[in-house]
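Questions regarding the structure given below will be posed in turn.
Labels for the chains are A, B and C, by order of writing; each one numbers its residues from 1.
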Amino acid sequence: MTPDLECTDLTKRFGDTTAVENVTFSVPPGSFFSILGPSGCGKTTIMRMIAGFLEPSHGDIRIKGRSVLNVPPNKRPVNMVFQHLALFPMMNIADNIGYGLRRAGLSRADIDRKVQEALERISLPGIGARRVEELSGGQKQRVAIARCMVLEPDVLLLDEPLGALDLKLRERMKVELKSLQAAFDTTFVYITHDQSEALVMSDAIAVMNEGRFEQIGTGRDLYYRPDTAFVAGFVGDTNRWGGRIERLDGDSMALRTDTGMILRGATHGRAFAVGDRADVFVRPEAIRISYAEDDLSQFDNRLSGRVTSILFDGAASRVIVSGADGPGEIEVNLPQSGEFAALTKGAEVHIGWASDQGNCFAAGAR
Amino acid sequence: MRSEARLGLALLLTPLLLWLSLLIFLPHVDIFLVSLRERIGVGKYQISFANYLTFFNEPLYLWTFFRTAVMSMLATVITLLIAFPVSYYIAKMVKGRVQSGLFLLCLVPFWVSELVRTFGWMILLRETGIFSKLLQAIGLSDGPVEMLYNDGAIMLGLVYTSMLFMVVPLVTTLESLPDEVIEAGYDLGGNGVSVLREIIIPHAMPGIVSGCIVVFMLSLGNYLTPTMLGGKESLWFTELIYSQFIVRFNWELGAAFGFMLLILSSAIVWGMLKLTGQSLEKTMG
Amino acid sequence: MKKQSIMLSTAAVALALLSGGAPASADTLRLLTWGGYAPDDVIAKFEAETGHTVEVTKSNNEEMIAKLRATGGGGFDLAQPSQDRIAGPQEEFGIYKPIDMSQIDTSLFIPSMLEATKGNTMVGADVYGVPHVWGTSGLVVDTKMAGMVKDYTDLCSDDVAGKVSYRLKRPTLIGFAFSMGLDPFAAYGDEAAYADIMSKVEAKLVECKPGVKTYWGGGDELMGLLRSGEVVASMAWDTGGWKLNADNPDITFVAPAAGALGWVDTFVLPAKGKSDAAAYAWINFVMQPEVAAMITAAAGNFTASLGADEFADADLKARYQASFPQEAIDNIKWYPPVPAGLEAIEGGVLDRVKAAN
């Protein structure tokens, strides 16, 4: 099947700085594709090249197999939901949604019908005559999407459209966006710096850093099998130790941290040599906490320490444990079994994790 | 507490109100009363509408009145047509130092007085002036060209004098239009013309209207530019008022003219606001 | 050049209201005069000799009267309108006060001029003006380019079409009337006759309009037009012609065949003047022959001061004599006092000429 969107070797230079460097990816029809990266990584530049507001320095963009390089933005079969939505304040809601249809030269009756359908689709029937400023943030969001979707674009681009919303609404809109995408059955390309938005909604995510794609994969892949140290550090929370490799044995390895402690980890197929500097990443939820050291006998990494602080956050509560002999502060997820409800600061605890939960990357590698 | 605050506000506003009433309101009342006097003999007056009747019965005055209004409107439209792209360029196409530099350039002519500016144009346009010499030098004309003393010269002077007052409100409103709204207009299938018509102009409407009001009033009330650049063909309504007051000692008719000008400008501004569906609060606020 | 007139009078009224309470210092002379009539060196000498200080406001006939009218004759201690513009406005607006002739050193004046001015500025039994500077207006001509221009109506000749200028003011109406063989001064007392004369002048001026380069408004503008050669013949004051003659011998003042128009600028006391003593002191000071000569040097015109000719610049005298042979002097038409109400007739004519195509 031809991908809806395909970028090959996409590069954009502004003077001496390279904003986007040799980015290649393809998005299959009907999928939700996210580009995740810190601000300034070049993701907006990619988006603007796809929409046609920027000319790539090099590379090709194909939509449904056809190159759109020489097609102006108003002729491309893609539409964009802007960061601040960019609804037209001088028009009412129906005119906003009908704008593109009017430009396409549809008859007034067709426009009215399609606008009504779109409003029903986004569950806001009967608001056509209202003014933009009368709508709530979430309603504006849906109108902005409807305004694009009435044009039946091959690809819908979304540029951090949830950024301006408050937390609660953002959580709800994540779910809503995903269901709207399913309802319209259109390819969405979504850019964000918020990993949770990307992880929740996307079929595939590209993690971007300094103009390049670090890794493309499902949320699960990125989370559990990061290809690079950047992905490991950027997607999800993690503990990180630097040290030197002491011993290699097939997929497992042992690393002596700079504070002198031995940690066991897995190479996951990456090539190392004894003596290399490396970083080990371990997620807080992979670490088990216990009052009794015996409970942790199945783990090959074990430590004892004291609780230095408790970060209560409901289901996402954590403790910070300071190791008795070395590795500094370790973030550990608190199990919700109630067993640790009485845990206090200063309490002595034992922690442990399996070595294959320790992702290891060569130090300095990106 | 409330009454104290109200007293404070009243005290704060008193100088302003005094200033407004003494320097603006009272003189207008006075002018109106003067306009109702009819001279019936040496130093003798009676109250009548004779001055207004003179105005309506003399085709010359009506013609001048009409001509001044039409020329001012034309000057306003031309100013708008020139200032809009300039303002769009300043507000949207350039950033930072270039932007403030260009803005400053619009301001430069206002560092000298209107008289000097008008003299500058006279030096450029006169028969022995720079443009005439230039045209002869590059062979476009084989004799001196007089560009002064006609309606075109008046129009040029009015537009030049008014430009800044159009550019400032336009730049302000255009700057408040987010770039992404314009981009959205293109993204959803609009071309340059439709984005301009459906998005940029409706957004800039308050600026357009307030700029037009200011420019129109300035042109209507201008005295120097039409008289100096227009020469023998100038015929501007303010000139009539001036000559009634100063040359003819006929303050009564001059005051009536003054009031007619006030009514005309108010009526046209009101019409303009109604036509564009704007309100004074929206455009001036 | 003036601001919008509508504001002028209202602002003047407002200012008069605001400043009404503050008495002017008795030894400050607020002088409302023409450019050149109070040169800096004369002021410095006067201030040194008398201890009074002088504040000068430059203006012209119409504005002087308008200003004084706006304030009811206040704001100035001494003014200098032309003698023909005193009796009429005084009757109509009462903006002057009578002159106490005992305060004036009459021996400094040329007797015939003093008597003529006194007669012209009389209202009832009171004298309102004494003469100061006199001069004429006529034609300034570039003799090489427009030697044929000898009279006001010659400005309408096809030979100089597009290269002539005049003011759209009353001197032009009067000059054209004389040149057309009419006598407007004789008709001053008869409004109907005057209106008839003016309507003929109006027709002539409308007919001439296409050949006019522009109606000049200020002296500097006229100088520029003549110097650049854009205009080769114009109505103007004698001094303007002589000034240009100094730079370009071809251009000079010509007394028109119908007669130059003679004017006398006077001293009058505004009705609400506050320092009459300083005003009289100024009059007696500037009429001294040496001082009068200094004013002649600055303004270019001669004064009514007896014996000042001796001190006048030889070049100026030579130019005066070249422009005014004896018969031309005898032919000067001196403005009689303008009766109130004539301005309205003239104004209508001027407006219609201006609007004509």
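To be clear about the criterion, contacts are C-beta pairs under 8 Å (C-beta built on N, C-alpha and C of every residue); 3 or more make two chains touch, one makes a residue touch a chain.
Bear in mind that the values here come from a model prediction, so they are computed numbers and not experimental data.
J.: Through how few touching steps can subunit B be joined to subunit C?
T.: The fewest steps needed to get from subunit B to subunit C is 1.
J.: Tell me the chain pair with the top count of C-beta pairs in contact.
T.: Comparing chain pairs, contacts are most numerous for B-C.
J.: Which chain lies at the heart of the structure, taking centres as C-alpha averages?
T.: Chain closest to the assembly's C-alpha mean: B.
J.: Roughly how far is subunit B from subunit C, going centre to centre by Cα mean, in whole Å?
T.: One centre to the other, that is 35 Å.
J.: Determine the centre-to-centre distance between subunit A and subunit B, using the mean Cα coordinates as centres, and give it in whole Å.
T.: That pair's centroid distance is 56 Å.
J.: Using Cα averages as centroids, what's the distance between subunit A and subunit C in whole Å?
T.: 89
J.: Under the definition above, what is the set of subunit A residues touching subunit B in their complex?
T.: Its residues touching subunit B are 51-53, 72-75, 79-80, 82-84, 86-91, 99-100, 103-104, 147-148, 151.
J.: Inside the complex, what are the residues of subunit C that reach subunit B?
T.: 1-6, 8-11, 13-14, 17-18, 62-63, 65-66, 69, 89, 91-94, 168-169, 209, 212-215, 217, 228-230, 340, 343-344, 346-347, 350-352, 354-355
J.: Residues of subunit B touching subunit A in their complex?
T.: Residues 178, 180-181, 183-191, 194, 198-199, 202-203.
J.: Considering the complex alone, what residue numbers of subunit B touch subunit C?
T.: 22-23, 26-28, 30-31, 42-43, 60-61, 63-64, 115, 126-128, 146, 148-149, 221, 223-224, 227-228, 231-232, 234-235, 238, 240-251, 254, 258, 261
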